């Protein structure tokens, strides 16, 4: 049992994470502090939520980049709308309105994909541009800093606080709870529901999934809806954490998020991926980002390092598959 | 394909972020008004990438102000969405209408060149803005608010002033691929190496145009270099993210933060001193200056290096040949916003 | 007499103008293994699809378990206990054995939440039904084809199958795996299930069939008990021709002549070790052995695809170095791969271009232009010479049948006139008619003076074409036989003996 766990992809990622942390900590002992841990988690929260939303889709074999645009569109539109109404209440209403918009955006995408049988990536490329365009043309092109009274202090609402000699007081932000709840939910969905198993089945062999009697279109719709809602939650959370709403939120970052998911063991062709792996992949990218600052390595290296790790990680399964294929070919000849 | 989408959007975004929706101070009227009204009223048109952006709405204010000041019929046109083809169609239309001058802000510089040349052949004065890379013979002049390098050096001077010309400093750029940001910061660094030997460059960081990224990065910088003295920002949110981290650490009096930003972004932090100086530029004056150059050419005046266009920031212009041959007029039209004057720039 | 589970009577089916089935009747009985045999295009697949409800017949009636159907839907077929195991096994490669076995039952239960204990339970029950033991938590794509097939069979059993239809089930299996499969099939028969075993491998049919049905050109030409049927008879009904394999004349080899190809101490770590042999002109040398014996690696090594680590290669007495395919081709070595479709052909390109692609430089004229007329004449010559059945050389290769595709691959290499031709499993997946013709072609090539290295584990094939046969075991040449010295049975025994020694 233990032996098997050690051979999993997740465990390898975990080891890299630990090794990297040790190296960084030795070079810069400031890394080994509770406040650094809290800061790293805080910076990861929105990426956790977004990648948990994208993961089920990727397991079913769909590659999406529009999730960042949905996060931007839903959060910015919700904020500008409530601003106009003079809303001064708390954060909850934001999550509900944005979440509903995210749901609709996800369903729209699901409809386009299932009804016209379009490739997910193509649709997502179009919607990526469309949602950002929607913000810029219809809602507004400027970032907005006017937060409702009820949400002003949210960015500094901590579960536990920690004092740091260099950066002052910091803490474990309450919204980590969202990330944990979402993570547990997606994990349960993937592992314990027919929908979740259907996602794996579709990613493994779509034709057989249809033949076996999975309701493939319905499962697709659930995955898109989930992606939409979670993107919206991530967008609103980021708005409150950074204390402004940005019409082009995350615009340069879809590939970073996908990189984290892929590092975590998901395959772009579908069929594999786990919540734990994804979380570790996101953390790994965050730690790499910090490592380069904390060790003083030029930032130009960051992309190279992430790139190299990605190449190594994506080729391991490919090499395995190739070996299996060669074996099979020889088998067939026999 | 995707890269170009990114580029377009990020260009628009920077533009939009710096633009204002609130009315801002209009540029000061020209020092020399035209002596007498010409027998036929001149018609000047400004053509922009898209009229959908606040940035260009602000530019239009400068154009209209010029019209009022000089008694010229001046107006602005542009596609509702960024699109070179539509922009070219608008220019062709203006040629047919027989306007006297066009100030063009091309979306795609090469795509607009044939139309600009056609207008010049038709006897129209054609001035470009944000088109310093245009080919020779496709514009009479190009007008730029400032030379990127000079802007970066100015930023450095302001930072050095506040750190006593010594200590460690870091830089933020929106991305390592943003040409303007990197030109600013590289020139700033080169200037410091030459003039402030006691200042020590640490690193250039990417904020990904996201102030949350700047915030997190700044925190780690504080952990790694507790003796940091200065921060230069490029994207409008850079100084805000960095300033927040500095404020939380209680170091607003120890660390100088200077960079491109505007009041709506950095206002709070300018007040507390976490951000020391925001630098920006105003599209209205650029639009105004563009029109003035056209006016001077029609009146037969020559544009010379060091001359005064009578527009704030363009009192002592630099005239240089652009990389592809078009003569480029650089102003020094940056504005500096600090706690004392931020009310004058409420955008 | 066993109970008739299924009767399909006077079935006809046309696709456009093509008659796929013409007034064909088929009966499937409980506790009987019925083999359905026919060449490609004989109507086998159409029949499977009709009795599993995928196609609706134009004429005829289907009776299953006493129910009469004019048109059968796939759902009705499943309810009547008909299960088809296709060649792709219809499995999810990324899921575990347990989940693949249990998934249909889970879906049928209508529950939305998965109980993993229940999944395991279902899987265990399924495995118990055929006394198989597979690791429940292994991911299916990591398993060999034989295990995947077992899973497919278990899935069919769990769906309460009464009739299991197997479409070419042995294609991806090794000899030993085939035996294991046959044991499972016999076991199922004992329990009263009906098996429809669709194949064109006559030796397998001989072994397993209780009753043999043969289709040719959409008609049923034979339907009789297996007793008394022999392979030549079946081959005759399948092809409509007498295929005489007994009176094969072998090319005389000049024993004193220097060898065309000589290999000394050739070694590829992890593949084969210390392999030495000679091949003379006009000679066909068989290389056989089980999977993993190193035979395919040896072939790829000689062709430069997996260059050897040690040893020497001589062509016509001169030592040559083969580090790449280009080297091999330059030294006159040709190779016809085991998987002709993946490795040997551009499926969407015209037949003529496929033939001439390896000798394209011959048609180069000044300025690097191609002499298209000579090129198409050359292609036509080969199409005629090798009797590729096609209306035009300009049609894409994928329009050809398997046997004809193999001919195109052969033509492509023979057109270069290699001195040594390596054939790797040249008749895998080819029907019996084409097989005989390919064997004839091999002998013909040897007659013209080529030396041929034939890699195969098809014993009759080796016996009918080879002068000598090398038996490989664990990467080494274990034995060498002259054809005259050994019988099919003895060679078979040797091969199986090798298996027990090796035991993977």
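Structure notes:
Going in written order, the chains are labelled A, B and C, and every chain counts its residues from 1.
The rule is short, and it goes like this: contacts are C-beta pairs under 8 Å (C-beta built on N, C-alpha and C of every residue); 3 or more make two chains touch, one makes a residue touch a chain.
Small disclaimer: the values here were computed from a predicted structure and weren't measured.
Chain nearest the geometric middle of the protein is A, using mean C-alpha positions.
Ranking A-B and A-C by contacting C-beta pairs places A-B first.
Each chain gets one centre point, the mean of its Cα atoms, and the points for subunit B and subunit C are 71 Å apart.
Chain centres here are Cα means. That of subunit A falls 35 Å from that of subunit B. Centre-to-centre, using mean CA coordinates, subunit A is 46 Å away from subunit C.
Multi-chain contact residues, meaning those touching two or more other chains, do not occur anywhere in subunit C.
By the touch rule above, subunit C contacts subunit A in their complex via residues 90-95, 99, 103-104, 106-108, 111-114, 116, 141-142, 144-145, 171-175, 290-292, 296, 338-339, 342, 424-425, 428, 457. The touching residues of subunit A, counted against subunit C in their complex, run 191-197, 200-201, 203-205, 208-209, 211-214, 271-272, 324, 327-334. Remark: subunit B residues 2, 5-6, 9-10, 12-13, 16-17, 19-21, 52-54, 81, 175-176, 202-206, 208-212, 215-217, 219-224, 226, 236-237, 241, 244-245, 248-250, 264-265, 268 touch subunit A in the complex. Subunit A meets subunit B in the complex at residues 28, 30-31, 36, 39, 42-43, 125, 128-129, 132, 136-137, 140-143, 145, 164-170, 238, 241-244, 246-253, 289-290, 293-294, 296, 298-300, 302.
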